[in-house]
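Step one of this worksheet: look at the structure below.
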């Protein structure tokens, strides 16, 4: 068991920003880059991944005491691959268009390092409730990341958001945004932007800390002066 | 008479600017009121003073003895009274210990007995060179007798005499070659005998045709001494480059010329050897070129060791208002001076005063990876990389890239369009790397 | 020993459960997937034959070929899927032809991986529309940078000549295949 | 010739990393130093070739004959994982230096999607046995190429004044983006 | 120390500089080199304006403005010294303006030059740190983002009728059935042909190049290796099949080869620093150009070839490190 238990809310919330799989942990990059040519694709991939994440988390955390250590990776892989196959088959049957768009990236969820990482690093050590929350948080964080990236690429590359045209015809679509190069560039710039905000926060925090420390010192000196004054008085 | 000019790959060709002084005869500078004799005028441990405050010394008397193997005794360049022993300004910029002597123009001289070198053995000659306190005048001030005593088992095939004088502005070696040609040849023969070398090559750059002609003439009688005409290019006079041009041999990094069977000596050094052996005069003067647009009357001067720069400058008419840089040595490797109390030393070869019009100053920009520094580095280093790695504190990598091999010739920094002080960075890198190496050795 | 058995048993159980589950789901999904594919083809076939409503798959052709009919049961032509190499990779099309194979009735690009905005424009209606009623005699030709002059010419997409030419080539190849098949068929029938 | 084209296509024109986005995590994670990038690439190539061989056999000799295609993902990943384990033990036995050089990367490779992607593409494209192997070789070579290129660039960038916000992952992605643009020059070189 | 001063005559001391050796410096500076490069590009600009009309001047101006403004904005934003006067951003803008098709959209060329500086140069740390040639990053971006606009060529203004708007390379490559169409070599030389604004006139390019090589700003090794590479690789294929493949000499004058060889492959920052490296770099570029032109799906590959080799430069520098003087190989 983990030595320090965080609140259930944090268990869920951490996946959204502080430990966001894409922007913080830099995991699952392949689908992140490959399928995000549009918002819907990003969303679908995010949901599919979340599904696998959630259910494999549940299964693994409930079986965690039954599975011998030596075969745990193999067992996890089988569990994960089973859920992935389910998603794949269901999508082929019910959403053939989307299944075509996402192509081989659905089966590749099997090896998405995010999922195995969570299975090995979290579900195998925590109870079902926590696993569910963690899986949900990570899944939502991942989905949000993919959707944002897909959205940006869709707007600039096709003038649309979720298929709705939002930019005027006069805007020449940037074909590069739906090509591999565009994926790398967009994600790189997005990362940089995020770091920009983070760095600002950090420097702001440092500044605040300094100010607080200064104020404290001032208070201390004042109080000691007062003390002295009192004593002298 | 058309022969291929000998040289090396790389290097640069800055304006020679030798015309200020190349036609001026060496003139002896009058005695100053006082001289200031640094105890450290050579590579190796400083000498130990033998005199005290108030001692009366004679010209040529030993006033400090050598300390350890690579060291050299020091003789008083004047007769007079020791005023004090203290620390103060030095050409290297770091204050050093020195002996101050008040000059007595009527004082006595005590030179050594001449040595009949033709009828004496190596040992006697080398001993005399050691006693006379001769150090290399090519810049490094390495005690000459050490070079002449190779460890047993090493045979030396060539004595290479460095008459390249590749630094712009300087004309000291050139004047010496013209004015003391026969002494020079005899000095070289003494050196050959001392080191047991069968062959000597005098390397002279082809911008000094008169010197080539005169020296060739004088050396005719001795087939074992040859003159090699070198391409005029900086740093042709650097030991490794000169050896390569003259003999085709390459001194590997971290090795000495000795390891490839060569000894290199400067023109001035050879003449000091002549003076010490044939005339019994110890190393108490230095011939230096005082030049540049910033000095009123440029001269080639014979100066007593210990004379303060201020005296020299004043003797040459003082600085002009446009002077911006005073340099001990040549423009490429010399050290910028600011305390004119610093005294002339045995290995001083020049005092250069540059005016603002002679320095091309431009803003420093980041490295543009133009490769010019790489193209000119005579040692095939990657100066840009060395500087960058040092800047980033990656000293292990800098070592890997050979930072310690750099001879600080400055060709790279001269050429760099981004005006990066490459040599400064590299020097720092060398220092840090040698710290690391020492730490490694001790652990 | 005990440990090893446990390992094996656990893995086996997981494997069996997983296999069973998947087999079950796959059983359920396979017909749907097949049906999807069939429907898609059917839709494509009718799309390249505007006005027609019925289709029959010709089984003995050695390749996929459909005979298409209208409401009244008159044969309106043939439809065939065919594929070839475009600029970046495979291009798969469905094309419709008149019964005597003289004219194209319609074209649909089913699959392609060409550059979006360039080669991928071949899926757009403005391009496929150019093939409507184009003559196949002696074969379809693409022209570049000028208006087509002859009935068998279509204009290539600017900046995507390779993809355009590829589509034309795939069509010509297909037509040839159908022609050969029909003529052998005629011979057989004649022989009968 | 066919085989050479398969190799070149996978190595350059359709580079796994820069055009197919496979193996991005190791591409970003292990490309900081040239030496480890090369080792990682080499180890991956090694596994890729074996995986291509074995998964082909499994798919065509077992799954297809017994109608078990739905077990494709489960069986592939199990085989790859156990292969990597086996290779690891084998290398450990055979050569200690090699193990030290490659060993730490092997476990990472299990979850590298380039390997599974390779197996899946090979099925998707209906490659024959030999083609599959060359596909594995080519993909591996392409992976090494991309990894080594980016590692060289990153080592160079260590000495550059990249703005703080862009140090690390962002600048790596941007450099990869520019490389991907440059690789587009090869498009159409070998169509497939 | 005060006693010593009294014994020494006073020297009037001006402000003295104490910088480290060497104390001499060549007369080159970054700024000077960059502005001479700008001058050397002018003949190509003039030829572009002559052949394609005055509008091209506006295209180039907008491109330069985009580059300079972007650099200014980023430096301002990052609180760094404004370095516009060093001329490197002007070169980037100027070059980008010259390698887009004539009559190109002003909005797009502006976007391209913003990308050149922002993504091609400043994210890497600015002048001297970029891995890839900024102008080509901008062009590659435009090519990938707006492929149609980037392949729409206008005719030169006083072209004889025989010359269509297609560039010589695509005229040769994408023939409508008939024979491959080769353009006469003298047209290639003077530049009376279709192509990017500044690339068509070999004469103008060589004129500017002569200045760069005489002043030793551009290193001759890279273009020399490119030409040799083209003669060898292009020559082999021409000899194998002279009907289909143009002669290597024509190939040198076609498309962006000369322009790239002289102004872009020679970019200091994005090319190798070692001599051996420069040969490898040039040969590599030539090989890739030949591959793309003769076998690829695109008519032209100079840009891609240079960008790809830019990516190899760190490795090239590393593995062509010269053997230190006196060291055993």
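So that you can tell them apart, the chains are marked A, B, C, D and E in the order they are listed, and the count of residues begins at 1 in each.
We adopt the following convention: a residue touches a chain if its C-beta (ideal position, glycine included) is under 8 Å from a C-beta of that chain, and two chains touch if they have at least 3 such contacts.
Given the structure is predicted, the values throughout are model-derived calculations rather than measurements.
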Discussion item. Under the document's definition of touching, what chains do chain A and chain E have as common neighbours?
Written reply: C, D
Worksheet, complete the sentence: Chains in contact with chain A and also with chain D, listed by label, are C, E
Worksheet entry | Chain pair with more C-beta contacts, A-C versus C-D | A-C
Worksheet item: By C-alpha centroids, what is the most central chain here?
Response: E
Worksheet item: Farthest from chain B in C-alpha centre terms, which chain would that be?
Response: C
Fill in: Interchain centroid distance [CA atoms averaged], chain B/chain D, Å
60
Response to the item:
chain B to chain E, mean C-alpha position gap in Å, rounds to 46
Item to complete: Report, in whole Å, the distance between the mean C-alpha point of chain B and the mean C-alpha point of chain C.
Response: 86
Response to the item:
dist(centroid_CA(chain D), centroid_CA(chain E)) in Å evaluates to 34
Practice prompt. Scan chain E for residues touching two or more other chains and write them down.
Written response: 119, 123, 125-126, 129, 141, 144, 147, 297
Discussion item. Can you pull out the residues of chain D that are in contact with at least two other chains?
Written reply: 70-71, 74, 161, 163, 166, 170-171, 174, 178, 181, 184, 187-188, 191
Discussion item. Residues touching two or more other chains, restricted to chain A: which are they?
Written reply: 74, 78, 81-82, 85, 89, 175-176, 179, 181-182, 185, 189, 192
Worksheet item: Could you list each pair of chains that touch, in label order?
Response: A-C, A-D, A-E, B-D, B-E, C-D, C-E, D-E
Worksheet entry | chain B-facing residues of chain E, complex | 1, 4-5, 7-33, 83, 86, 125-129, 219, 268-275, 278, 321-328
Discussion item. Taking the touch rule as given, give the residues of chain C at its contact with chain A in the complex, in rising order.
Written reply: 3, 6-7, 10-11, 14-15, 18, 21-22, 25-26, 28-29, 32-33, 36, 40, 115-118
Discussion item. Going by the contact rule set out above, which residues of chain D touch chain B in the complex?
Written reply: 158-159, 161
Discussion item. Which residues of chain B touch chain D once you look at their complex with the stated criterion?
Written reply: 366, 388-389, 392
Fill in: Touch list for chain A against partner chain E, complex
172, 174-177, 179, 181-182, 185, 189, 192
